[in-house]
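Next come two complexes, and both contain chain A; in the first it sits with chain B, in the second with chain C.
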Partner chain A sequence: MLTVHVEADDAPWVDGNALAGPLGEIMGTDLTVAELTCAGCRTTRPLAAMRVFDRAPGLVARCPGCEDVVMRVVRMTGRVLVDVRGSLIVSLPVPTA
Partner chain B sequence: MAVITRGFGGRRRDDADLPPGQYRTDDFPVLSAGPTPRIDLDEWEFAVVTETGERSTWSWAEFTALPADEPTVDIHCVTRWSKFGTSWRGVSVDTLLADVDTAAEYVVAHSYGGYTTNIPLEGLLDGQAWVAYEFDGEPLAPVHGGPARLLVPHLYFWKSAKWLRALELRLDDEPGFWETAGYHNDGDPWREQRYLED
Partner chain C sequence: MARAAVPGRLTWQPAIVAATRAETATARTLVLDVDGWTGHVPGQHVDVRLTAPDGYMAHRSYSISSAPGPGRLEVTVQAVTDGEVSPYLVDVAEPGDQLEIRGPLGGWFVRRLADRRPALLIGGGSGVAPLMSMVRAATNPTRLLYSTRSPSDALFSADLATAEAAGGGRVAVTKVYTRVAPPGWPAPPRRLDADALAQVAWPREADAVAFVCGPTGFVETMADLLVDIGHDPTNIRTERFGPTGG
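This part shows the complex of A and B:
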């Protein structure tokens, strides 16, 4: 369930579930359960808890604590680019087979 | 080519004026990769920094006292919308660099809020770019980049950095926010340079 947040006269953001579609499509797994450690403030949160600015040339996920960018996802013509330089660690649960 | 004349004598703008892959909108969509910074005009400062570290700075009062232009230009967003005939007021980059001594070939635009974008210096000179602080006769709204934004209409609009804080002159090219995330380094809409791979 996506929640859209709009402060008066501000850029809207949605929660990290907005990344489930594009990331799931290329990686075949639900990455919203991934946990990211923000390189800015070093706190760890699930990707779903990040703030995603989606009205932009790409999807920009920011840490809700310090507002630094933790992930960027850009759909190019034939590829999807995932940039995680703003995250120190990306951890995923082991799939239960 | 069909030319349709309007009552005011201008040629009606049509798809021939659109770069490839673009559609026309009369809205002004707000695109933003982050929260909108709020900058008090008392604290606002704009800087030009050369490759040797020399800084020229302007306060808001100093900046808005500079000779200004009122360009009317078409703008083209990489997300495929184009908007014709947008009216701005701003200071040309030529004016801002008139007294700056530099051998730089590249510029990085820095924004309040941390955004960056890179442009070759020659793409900003000769009346091709402005630091704009009014849109449609009104102070530039924060969501559109106010107090002041870069305006480089001949490139995709992500190069027209909102909330501009500084122009950094460099000897080498330094890719910016979108240029390091899959977008084209040059961003010429007429050559449809959207992505790294284009």
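This part shows the complex of A and C:
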């Protein structure tokens, strides 16, 4: 079992940069530069700037403004589920050559 | 099967430990050789995966601390108490060992060569690792503010001095010690505060970009202080490593 040592002065989240690998693997593109519009407070931020709670069975991204969930990623055997109901818009840059 | 990664697809690739360098008593740099590695953008990370003899796998993200280049990269790892991956990387792995990596990862916390703006890099503890890559690759004016507990906790001491000396004035390094300062250090140990930040920050008209990396609390504090002293919030990029489960 994984034992997590939480430093007393530390918050229990990382940021959306941590989703680059888990999402890149299935999407084939870097989603951390995607801008998400939070369905809760309607502010727009790059996924990289969201708070990601990663010490759970899934990965949960929350808006740092209102703390609503903007994305959930759960890995199952053979499938990855991405729940984006907390994001109104996912806006991606057009790939450059 | 060919080992080369399919272009456009992110897959696990074998990486061979070519060498290791102790940075402190609890942190180590691993030099990794990866077939077909084409380099990275300073600030990016890789995921490192270990597989136990029984097939159990664990992976963690580590920042790339080397300058970009083909075929080889370096990650710098701080051992985390009770961690699953980092103690192996810091205390056990040796040259010749094979790991798996995927990456380079992340397109947001990056300093691209084409970005001509001056940069302020702020690192807390082992959060200096991706900033070290930016310092090594710096072609534009770059200031690094590095907060560390004590001289014995400081990463990259020699490399930072080398980069500063070789930078011809382009690279400036300022250290703040939070618990123990070296003998003769001009300031007592202290937390990084607005005053210390204001002393190294670029003037507002410089249109500087700031990169902040460290423990979550450190990053939140520094990002807030930067805004307080007038830094444009849209030019602040952050990377938090949180409660490291390393």
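The working rule: the second predicted complex is superposed on the first by the 86 of 97 C-alpha atoms of A that agree within 3 Å, B and C clash if a C-alpha of one lies under 4 Å from a C-alpha of the other, contacts with A are read in each partner's own complex, and residues count from 1 in each chain.
One rule holds in what follows: contacts are C-beta pairs under 8 Å (C-beta built on N, C-alpha and C of every residue); 3 or more make two chains touch, one makes a residue touch a chain.
This structure is a prediction, so every number in the text was calculated from the model and none was measured.
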**Message:** Just to be sure I read the superposition right, which of the two partners does A:81 touch: chain B = first, chain C = second, or both, or neither?
**Reply:** first
**Prompt:** Where does A:48 make contact in the superposed view: on chain B (first), on chain C (second), on both, or on neither?
**Reply:** second
**Message:** Contacts for A:60 in the overlay, against chain B (first) and chain C (second): which applies, first, second, both or neither?
**Reply:** first
**Asked** chain A residues in contact: does chain B have more, or chain C?
**Response** C
**Request:** Pick one for A:17: touches chain B only (first), chain C only (second), both, or neither.
**Result:** second
**Request:** Considering only the touch criterion stated at the top, classify A:72 as touching first (chain B), second (chain C), both, or neither.
**Result:** first
**Request:** Under the contact definition given at the top, report the residues of chain A touching chain B in one complex and chain C in the other.
**Result:** 9-11, 13, 55
**Item:** Contact footprint of chain B on chain A as seen in their complex
**Value:** 9-11, 13, 53, 55-58, 60, 62, 67, 69, 72, 74, 76-79, 81, 83
**Complete:** In the complex, the residues of chain C that touch chain A are 8-11, 45, 47, 58-59, 61, 80-84, 102-103, 105-109, 215-217, 220, 237-245
**Message:** Residue numbers of chain B touching chain A in their complex, please.
**Reply:** 29-36, 78-79, 141-143, 158, 178, 180-183, 194-198
**Prompt:** Okay, in this complex, where on chain A does chain C touch?
**Reply:** 2-7, 9-18, 20-21, 24-25, 28, 30, 32-33, 46-49, 54-55
